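Encoded as structure tokens, here's the structure I'll be asking about.
Just so it is clear, A, B, C and D label the chains in written order, and each chain counts residues from 1 on its own.
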Amino acid sequence: MAKNTRGGRPIRSSITRATPESVHVHGLDLTELLGKVNLGDFAFLELFKRLPDERESVLINAMLVSLVEHGVTPSVIAARMTIMGAPESLQGAVAAGLLGLGNTFVGTIEGAARVCQQELPGGGRHGVTPQDRLGDDEITALAAKIVDEHKAAGKPLAGIGHPVHKPVDPRAQRLFAVAAELGFDGSGPRLMTAISAVASERSGKILPVNVTGAIGALSATLGIPWNVARGLGVMARAVGLVGHLLEESENPIAGTIWSETEEEAVKP
Amino acid sequence: MAKNTRGGRPIRSSITRATPESVHVHGLDLTELLGKVNLGDFAFLELFKRLPDERESVLINAMLVSLVEHGVTPSVIAARMTIMGAPESLQGAVAAGLLGLGNTFVGTIEGAARVCQQELPGGGRHGVTPQDRLGDDEITALAAKIVDEHKAAGKPLAGIGHPVHKPVDPRAQRLFAVAAELGFDGSGPRLMTAISAVASERSGKILPVNVTGAIGALSATLGIPWNVARGLGVMARAVGLVGHLLEESENPIAGTIWSETEEEAVKP
Amino acid sequence: MAKNTRGGRPIRSSITRATPESVHVHGLDLTELLGKVNLGDFAFLELFKRLPDERESVLINAMLVSLVEHGVTPSVIAARMTIMGAPESLQGAVAAGLLGLGNTFVGTIEGAARVCQQELPGGGRHGVTPQDRLGDDEITALAAKIVDEHKAAGKPLAGIGHPVHKPVDPRAQRLFAVAAELGFDGSGPRLMTAISAVASERSGKILPVNVTGAIGALSATLGIPWNVARGLGVMARAVGLVGHLLEESENPIAGTIWSETEEEAVKP
Amino acid sequence: MAKNTRGGRPIRSSITRATPESVHVHGLDLTELLGKVNLGDFAFLELFKRLPDERESVLINAMLVSLVEHGVTPSVIAARMTIMGAPESLQGAVAAGLLGLGNTFVGTIEGAARVCQQELPGGGRHGVTPQDRLGDDEITALAAKIVDEHKAAGKPLAGIGHPVHKPVDPRAQRLFAVAAELGFDGSGPRLMTAISAVASERSGKILPVNVTGAIGALSATLGIPWNVARGLGVMARAVGLVGHLLEESENPIAGTIWSETEEEAVKP
């Protein structure tokens, strides 16, 4: 209950203004946007206070879409368990699922975005002037420095490695290709790819850039601050969790997960 | 802990399949979708197990976009309060915000969708054959019956009336226009408009179809079951809550809301 | 966003008053209570705005204690899944677990309390005057009426039946014994026992009063309104969930539940 | 989705065992405990896998009771906002309230417990042998070191200072007195008191040990690991939140908080 968390500042929010005839969001007439922009564009508007241009729209939607669905994750299991107990509250089941999107999973988006934003000139943002862009040798040297620092500190490399997708994570590869085709030249993808190469070589293991690593790198490209990058995962997984709750209502599996788990848990 | 909630059924989920080289969602190669579909399309895929066609894509995105941002709602206040206490957990603050999307607010989407799906031939779905479609007089009679039944039961009409947006809710009006321009002919919008007219006439008050009423009617048009329609609000508001949490990090107001509220609450 | 949910009323809370030298809760000096009352007593204070007398203290604590621990429930599985993903947020994992305490599980406390409070003279509260108390035949007749009504409506009997604890649920039996030993004479326990007997006879199955049925009956005895009775379960399970999260940190099982579930879910 | 979070370990939980006739918790027959132990004792059982002795029972209950009620906190505001939107889900409103018990508020319990456990011989636990206990001069020197280190690192001192309760927090003072009266001799309270004195002297401000600082120190006394100490706050506040939701149902204030906040937030 520290004093500095309280009072003093005026209560203001500049996101929405409503009159009887209209609703404006970040200065844009919501009514005029309906039918013209998609949900990913609106997420961009929430993050940047302006609509995306055409290629930003494609990229942010690709990033969000890649995060929606990861199969029967812990988050999905939590949501399905919750709807069994509280079928009156779909929102509660989605909330339960989102609560697991923390440091273990979505934190790797943050970590990868942070490395790119802190280590690259201009934070790795698209449009950094050519004279400031790092050459291939500089990127490789930077990657080696980062791998060494993480090893020395005993910290895992965020966004690198995957238990199933080897030698490459097809989603990460495709996200980087989408960004390149659109002409984005941020150096985040180059740095993450170099980190993957260095880490693989040193460890003798196959350590691809994974999908969260790619999202982190592209957050740097677009200029999404690393400390909000977690929000991309939260937005996207809310969509996916509703899909799983619909499937749970059609073909419930929570009861079986429960009974098998409980039976096993109390075995002598 | 009733027995029928447990065991027996096999644990199966048909949403996602992953191999080292690919991820498929409802049979579609996720990698190929990246860069081609937007987040609203993917929400449609989660709900219908197929991608939307072009006009379904426009409509579902318009519906979702209209729900993202409603200003400083109770849900937003809860999320902002939560991030002040637990800045380490953006996901927790979004979850706290979503938990308020229950019967009072998002429940009206459900209610409107339910009325349309239960009262209209073919559930009010687009493409009902012409001979089954209700004429204007039939719609008016149906609306009158529904208004009477709700009055007799002392139940509010879901999706009708708004404290600010009068005589029409511009978002509802625009959503219906978008659907009409796209050629959707479901009779949900006609029924909700007729209910609004009857209710206004009988009460002498201005009771427009509001945005949740419009979403409910259009859920019937697309064929989204009313008992999952709440999920549309949950998906959309997750996006909006991240935007408010970003603003809270830039310009915090939770402390002032807290101190003003607490001060007032303990006045003699 | 109905108008009647907004504004108008003054912001007041009469629970706590703080000065630099003291904190009062419902008029009692918190400092003086420390070391004298237990957590269950304080829960009683929150519900009744006064401290319990000695036997109320024993009963409310017994009720709460009986609800803390139910093994590896769906709620526990959700909490354990959540801490794996978000180890930074113990509060998030407890919240995820509590979200499943809805109509399926804790709702049965509500249902049993409601039946007792709505059907019995004086709401089944302890101390109803002798002339108002129902005799054994009246209780049996009332139980039969309730069983018939539920059957006709196709509704399950709340608080009756258990998959494991047969022919009696030892916790329910003991809770009723504790209340009787303390001299509580509310007729809720008699009614629930009669419902169990009638239901068992009619169905030919063994349908004991279960622990939530007992808590519901004793909520009536104490006068806890049925629509807050769910809160007893929430308080108690928060305690139990912390215990499970401690065990999860010492001996993690969430990862195995996840991998076994996912593996099985995608089998051809 | 790191590999090491998955699989491998057997699914086991040793907390509860149930047969048709009995439920055991950490080896104790739950039925026999009903009517004999209180909710705080059971919390102790969850944390220590054994029941508390008489004085441990008094102390843990005092600690928990002191945390239940802190007035109209951000957590309470979040819970009240949530029940307005989702009156069908009391559990959701409590969960929303608990989600704010993070690093800002309850984190100070953790911080204080951590300092005591890491800096004091035997972790500051009661019963440390006399020859290992620090003398007064040593405690003062240790406190000075801790204050200096925090200042050098720009980190706030956890559990020290309060905006209202000055020159002492009466709850902290009373908790330390309760522990002393019971004969607990852990040196956590001495260390926190010394830190408060040093910090006050150096800053020229009045910086008392606050209630979370006291709980942290006494967690060390009992031997509750600092990384679970947050759980004490979660358990206790679940109780308090139910009380506030009961008051909200009797005298709703969420609507006014909402309308006043929204009105102010959009002022030009």
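Note that in this section a residue touches a chain if its C-beta (ideal position, glycine included) is under 8 Å from a C-beta of that chain, and two chains touch if they have at least 3 such contacts.
Predicted, not measured: the structure shown is a model, and the values here were computed from it.
Chemist: Could you work out how many touching-chain steps separate chain A from chain C at minimum?
Modeler: When the steps are counted carefully, the minimum from chain A to chain C is 1.
Chemist: If chain C and chain D share one sequence, what is the angle of the rotation that overlays their CA atoms, in steps of 5 degrees?
Modeler: 180
Chemist: Please identify which chain has its centre, taken as the mean of its CA atoms, farthest from the centre of chain B.
Modeler: Comparing chain centres, D lies farthest from chain B.
Chemist: Give a one-word verdict, same or different, on whether chain B and chain C use largely identical residue numbers at their interface, taking over half shared as same.
Modeler: Same-residue interface.
Chemist: As a quick test, compute the distance in whole Å between the mean CA positions of chain C and chain D.
Modeler: Computed value for the inter-centroid distance: 24 Å.
Chemist: How many angstrom lie between the centres of chain A and chain D, each centre taken as the mean Cα position?
Modeler: Comparing mean C-alpha positions, chain D is 33 Å from chain A.
Chemist: Averaging over Cα atoms per chain, report the distance between chain B and chain D in Å.
Modeler: Using C-alpha averages as centres, the distance is 39 Å.
Chemist: Find every residue in chain C that makes contact with two or more other chains and list them.
Modeler: 5-6, 10-13, 16, 18, 70-72, 84, 86, 88-89, 91-92, 95-96, 99-102, 104-106, 253-254, 257-258, 260-261, 265-266
Chemist: Can you tell me which positions in chain C touch chain B when the two form their complex?
Modeler: Per the touch definition, chain C meets chain B at residues 1-3, 5-6, 10-13, 16-18, 70, 86, 88-89, 91-92, 95, 99, 104-105, 156, 161-163, 210, 261, 264-267.
Chemist: Provide the residue numbers of chain A that touch chain C in the complex, in ascending order.
Modeler: It comes out as residues 71-75, 77-79, 81-82, 84-89, 92-93, 95-96, 99-106, 253-254, 257-258, 260-262, 265-266.
Chemist: Which residues of chain D touch chain C in their complex?
Modeler: Touch residues, chain D against chain C: 5-23, 25, 30-31, 33-35, 37-43, 45-47, 57-58, 61-62, 64-66, 68-72, 84, 89-92, 94-96, 98-102, 106, 164-166, 170-171, 173-175, 178, 181, 227-228, 230-231, 234-236, 238-240, 242-247, 249, 251-260.
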